[in-house]
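You will see chain A twice below: alongside chain B first, and alongside chain C after that.
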Partner chain A sequence: MFSFNALLSLASIGLNGTNLELLYLSVLLGIIAIILFYFYFRLVPAKEYLQEQAEDAGYERTNEYVRDKLSDKPRELSWKIFLYDDSKSIGLRYLFTSILFLFIAGSFGVLMRVSLTEPNPTIIGAAQYNVLMTEHATLMIYMFALGAALGLGFYLLPSHLKLKKDTMGVYSSIAYWVWLAGGIFILISRAALRWYFYPPLSLELTQSGGGEFAWLAVLGLELVFIGLMIASVVIIKIIAFDRSPDIKLNQMSLFSWSILFTVIMAISSAPPLMVGLGMLFYDYFNPIFFITGTNTLLFTILFWFWGHPIVYMAIIPFFGLIYEIIPKFTGTKIYSYNSGVWGLGLLLILSELVWGHHLLNSGLGIAWITFFTTMSFLVVIPSAITVFNFIGTLWTAKSIRTTVPMLFVLNGIVDFIIGGITGVMQSFAPFNEQVHGTYWVTGHFHFIFIGITMGISFAAFYMLFPTFTGGRKYNVSLARWHFALTAGGSYLMAFAWSVGGFLGMPRAVAGYFGFFQGYQDASIIGGVIIGIGQLIFLYNIATSWLKAPSTSSDNAFEEENTGVSKTPSPAGGK
Partner chain B sequence: MNDKTKKEFIWIVAVLVVLIGSAIGNVIYISMHSQNFAQNVNAHPTYPSNADIVHVEGTQWSWTFVYSNGTTTTNVLNVTVGKPVVLVVTSIKGAEQFAVIHDLSIPKLAIQVYAIPGQNNSLSFTPTVIGSFYFECVEYCGLDHYEMRGYLNVVA
Partner chain C sequence: MIMEGNKAGVVFVVIVLLLVAIGLTLMLNPPTVKAFQLPPVPSKNVKHYENITIYADANGWDYGHGTINPTLTIANNTVVNFTVIEEDGQPHTLTINPGSSESTYQDTLLSTSQITTIPGHKSYVQAYFDTIGVYTYWCTVHPETMVATLYVNATVSNTTSGVHYAHYANQTLQLLKNNLTSNGVLYPYIALASNTLLNLTIKDPNSSNYTFKINSGSKVNATTSTTLINETNSSLTVSVPFNNTGQYVYWNSNNTSRFGTIFVYTALVNTSLYADVYGWNFSKSSGVNPTISISAGTLVNFTIINEDNLTHVLEINLGNAENSSTAVAVASVDPSTNLTWGYYLFTSTGNYTYWDLYHPSTAVGIINVTNSSSSSAVIYIPGLVSSQSSSAYIPGTQTRDELYP
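On to the complex of A and B.
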């Protein structure tokens, strides 16, 4: 017969015995959460309001109503997005949650920088530094980058695909809550694992190992994946079955393509790590996979099979957005639609074949080193095609309006070129041996993530700001300062890292050799400048929101699919 | 072929030439220097027969070097200039709960090899310059990961 106490005592073995009260508490909280979720999904009165709206709009099946407008008025942002489960509301939920996590994880990043003022940890201890490092990386990737990508997908796809119905809103809503719960679990777990979660360390449930509650981070990551999988299936279904029959597949906007490739990538590469995390969690109770198993490298391989595609998933949707933003401010068409689709599609295929380049020095063998380094050169081809497509579009444009979103786009392209070149250099096996695990790598991906993921998110946010707020304008000069500080700070920080890393400055350390002081100091200044830039952004948003509406609240991304915009964007600011 | 397609064709070919050229150069280098890359073996046919074999044990949080004459050093690796060295690297359990993954990196000599519990990774190199070069663990391995560092001393 099933015995709950026996299960708990089994669990307590892996949890050091001291956490039994915590376990009881979490079971209790879980039951309360399930009851609340029942009321949330079945009994929320807002649903009835939406159904009345749908009946007014002449929908026969009221649950399929796509709520672009409420009572024929442009919808203003309110807390009710957490009660409605249409695609737009889900998108806003993801978007604003991702911005919240950007600021949480970003402040962790600034704290890490500041704690490195001295070669030996002084302001923040090594234990705290390791926690900050883990949280910064994990939350940025899973909560900010993925959240912004999914949010913009849910928010913009109904417009781009002229959606008439959306039958799976409840599933999207569940996906959002599961994903958010995962993020909160990771945040409160205080795990110190890096975002790799490599097992023998992640199984050490001590503050000097992976952190006492590292298992909570493993659980949280699994929840993030479950949410991601549900959301990906819903998005594929929206693109494949729900889009307007007028829009053929080869006329779909490049942003829709990029979201489609992103979710296919998620579904095709996450399952190995989901299984790996399950095995890892089982190891807390009965260590049979990664400790007494023959090869501790197994988990690293499961991890990187997912770990490399995720970094592409964090930029492909933003490439799609660049393809949407450039035509708005240059009045020209994208240079080559086919190159755009093929570039992004090839990235999907090739990026699944390069994961071994993260483990080149782990004893994979010469044959695999040769394979993965060669594939790493090939994966640059679609990236280069995409960048040339951007450049071709800008080149053929008659004029470029350097509005704030366009500045972010231009800076993103330059950042991606620098980050891409410093990235492909690592494909040289001997060079990889020198710089793997140094700040060179950190510089490489911060160029790309700050330039593309964060920069283009801000560009999209600025363009959508009038839509979110019912026609309010942001302060353009403050937004320009935000851009200048973000871009300038990121160049200073990432260049200092790249040069220091080239000379062998190791990353992921709470202290360093004294002769690296100069590079660390430069990157600290850069990091603090970025932080000040984001404070200006917050101030700008807060003060602009308090003003009266003064412009149209039309969605700047809505006008056409791939062509020229008819009217200048209301979010242009000029 | 219109003008636009021609330009696209040119940039795709240019990218292909640069990248495939780089990839071929990389493959040639790897095949000529395979002894410099970490491999999951104790000894490899390409290793010089007169090499000093040094067993390296990564633990939380220090590096221990065991030389062929039986002596041991911690966080200091002493080698002779011009004499080939074979590093056999593994990870062992220290005061903490388990043996975990480490990564020994000597950036100035472009040497890097993972220390993995239950696995011996090895590589060979020949120091050519007298001097002192820092090394460090570059795979995060717990609280005092940053203190897992030291110097490679190349003496005459």
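On to the complex of A and C.
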């Protein structure tokens, strides 16, 4: 069914030997890709259809029609999103692709949990476990978290900023396809090099090393970065130059600010690792960069210079969404708009300066350890500003409607407080030495990623559901079950990890000592509960979509920012 | 369309579940093919299988594991299972090409990413050899140090019998008007270290009838001789083991009055001395006038390199001091000669003195000859730069005088 192996081994011959097959193959595939993309961008019927529609509506230029009629209006999900290249279509592409990857990578996570029922690997082998772990981490962070952030950004920004033009859609479209190709490369590479891509493991093209086709993951990640860079530049251009003159910078919604900070972070942090990946790929042919001890440390530095900002990029857009969601269900304004912007902005600055805390045990020296530890403690300040801003908004609200999105938000705030505290504990160097490489770390970031990244994505999805479906309502009780199982399962799983990790349970291995059986069992139950919750979510989508439209296709995110409201509210709330 | 209307949700969920299934299938079937595979081995022609293990070290193949850069000998139509063990954490390749030196026409059997830089890591590769000849195996990262020879012979190789020789040597002889020659030298003397497998290739352009024989001693002796070749062929290779020291003669049945001699010494050592007015090896960090330790019965090939463009003569005599009456001039360099070589056979145990005829007060050192029981030719000589570690020396073009100091 899948001939990936044959194709990849053909390419591998070229990589390791002096054969010309790889060259021929790449040239051939490159020509095919160029032809396909030519048809895609020039000759697809939908473009003509869109043009006809524009002409019928009296527009000379399709772009103006898209901006006026499509760009800032709620958009239903349709297959045409792959043919239109206005921002909202791009946003829907990113969003739904990221959900696909959430389920793909999530299934890997559940399988990993289930495989740990016994201390020694029984269900799957250690090599397969390594592959699952690498793919789960890499796809979740680059394809789900980044995809959801970019998707919501592309989808909501035109409404929030009332764009006066929307002209860089082709670039956004190219960015999406490059990003998707990168994700597919990473997926089919079945690499086992963890999301760090550290050499010399990543240079070892064996099953017991980084995986036979680890080089494909390196290529894929580079593609993801290229897509991300293009998208980031487009988003900055949209925010900086294309927003309506009515909206001043200090009136922009907090979500727009969070997206702006996210893409600035991407552009400022990714290039070192992009260069590092290029050097790594060159090492497959001629190992000159990362072959000795100090040079591998150099790669870890290149990686974490990006690796820490990316985890902030995976939460900052969702902080922005929390700022948008809370006012909708409390009927109040954000407690402090300015401190919200400053909190997110400080997170941007400080997150660039704390990457060394991932390498506290790698011999950076006491001076650097002190610096990075101090910086990591300082991150508490903007985090606390943000959390207290959330709490202050809730505190001053007259009533809180506990709708499903709001439940996810409340749960996300609590999750972030727990995950944040367990996180900042790690920046204390002696404690870090204890818990480094244990499930404590896994528990820390799963609290935050499940609570904030995944939970707020679901909150936004539920809020946009009537829009995507053209006026259909989701089944609220099923959605509450989805929330309860996701939240409950994640607490059980991450708590069991945190406690077990505190006692020294090593992470990222296919087995564990029998001593930790209880913690592993608890996290398996938690993981399976999360998985069941997501099945309920899928069931809810399928069944709710089958019903007839019963409500308006507007949504709270867009209606108040589409210019209907004559007095733009800085926080986007009323 | 399929993504619109009330079925869109079902379609999306089906896509999600399908992709999850594909993803899980993919992950649970990680690729198991080797990243690099040689073309399938044609089974009908395979006559032998060899397992060869070599250590990859930037100082030379098998550095620290016996002979450095060992010469490998296999029979034709052999599948060799190479096991390369990483030694020093440096990147290495196992690259083989036909011919006696590195070339760009090469086949990298194991790349740097396969050998890896993890000391102790073993990597494996199979190679099939179906053409008789000389091959060079080397490391493209360290082409200067990690380069050695692999011979593919017509006959069964030594290694299949389970016997391992310390050295492998090669000599090609040509049957010319019933005389055996090599590069124009009639019946060349062949010097070997003990425990050597000599691969003799006899070329006979006329495909005449002859038998190639060898016997111990200093004369032709038909009764004790061994017939090695009794065929009519234009080119034949035969592998002859020489385990013990001594003298042998080789000859052919068409001309029993002429013969060539093979000397088997305890050991053969190639070593270099840098001639300097202030002492041997004066400019070398290893120390001036180094004491050389060898075992008795060793033939040493001294390479003299002129360091200061003066005249130097290497003299060697038995005893702890220079003795010009018993000393033998082994080799000399002068302003017009920068490099030369000479041989000296150390027969008795004790101390020899090596010195410079022109600078006897500064350039004088001791050669300590012990009665070592080891017959291995691999002898550690402190402070000397070994120009070629391969201990098998075949003076195919040397005259008799050069062989006998």
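Everything below uses one rule, namely that the second predicted complex is superposed on the first by the 503 of 574 C-alpha atoms of A that agree within 3 Å, B and C clash if a C-alpha of one lies under 4 Å from a C-alpha of the other, contacts with A are read in each partner's own complex, and residues count from 1 in each chain.
In the analysis below, a contact is a pair of C-beta atoms (placed from the backbone, for glycine too) under 8 Å apart; a residue touches a chain by one contact, two chains touch by 3 or more.
Owing to the predicted nature of the structure, the values given are computational and were not obtained by experimental measurement.
Q: Following superposition onto chain A, is the placement of chain B relative to chain C best described as a clash or a fit?
A: Clash: chain B and chain C overlap once superposed on chain A.
Q: Could you look at A:Leu219 and tell me whether it touches chain B, chain C, both or neither (first, second, both, neither)?
A: neither
Q: Is A:Gly504 touching the first partner chain B, the second partner chain C, both, or neither of them?
A: first
Q: So, does A:Ile99 touch the first partner chain B, the second partner chain C, both, or neither?
A: second
Q: Using the superposition on chain A described above, determine whether A:Leu302 touches chain B (first), chain C (second), both, or neither.
A: A:Leu302: touches no partner chain.
Q: Touch test for A:Ile316: chain B only (first), chain C only (second), both, or neither?
A: Neither chain B nor chain C is touched by A:Ile316.
Q: A:Gly392 in the overlay: touching chain B, chain C, both, or neither? Say first, second, both or neither.
A: It touches chain B, and chain C stays clear.
Q: Considering only the touch criterion stated at the top, classify A:Phe513 as touching first (chain B), second (chain C), both, or neither.
A: Only chain B; A:Phe513 stays clear of chain C.
Q: Which of the two partners, first being chain B and second being chain C, lies in contact with A:Ala127: first, second, both, or neither?
A: After superposition on chain A, A:Ala127 lies in contact with both partners, chain B and chain C.
Q: Just to be sure I read the superposition right, which of the two partners does A:Arg190 touch: chain B = first, chain C = second, or both, or neither?
A: In the superposition, A:Arg190 touches chain C alone.
Q: Taking 117-125, 153-161 or 189-197 from chain C, which overlaps chain B after aligning chain A?
A: Among 117-125, 153-161 or 189-197, only one stretch of chain C overlaps chain B, namely 117-125.
Q: Would you please give the residues of chain A that touch chain B in one complex and also touch chain C in the other complex?
A: Comparing the two interfaces on chain A, one with chain B and one with chain C, the shared residues are 127, 192, 200, 203-207, 209, 291.
Q: Which residues, counting only chain B, touch chain A once they are in their complex?
A: It is residues 4, 7-8, 11-12, 15-16, 19-20, 22-23, 25-27, 29-31, 33-34, 36-40, 60, 96-101, 103, 105, 107-108, 110-114, 116-119, 121, 134, 136-147, 149 of chain B that touch chain A.
Q: Quick check: in the complex, which residue numbers of chain C touch chain A?
A: 1-4, 6-10, 12-13, 15-17, 19-20, 22-28, 30-37, 89-91, 106-108, 111-114, 116-118, 141
Q: For the complex, give me every residue of chain A touching chain B.
A: 121, 126-127, 130, 133, 192-194, 196, 198, 200-201, 203-210, 291, 294-297, 300, 335-336, 339, 359-366, 369-370, 373-374, 377-378, 380-381, 384-385, 388, 392, 424, 427-438, 503-504, 506-513
Q: Which residues, counting only chain A, touch chain C once they are in their complex?
A: 2, 4-5, 8-9, 12-13, 15-18, 76-79, 96, 99-100, 103-105, 107-108, 111, 124, 127-128, 131-132, 135, 187-188, 190, 192, 200, 203-207, 209, 211-213, 283-284, 286-287, 291-292, 469, 472, 538-539, 541-548
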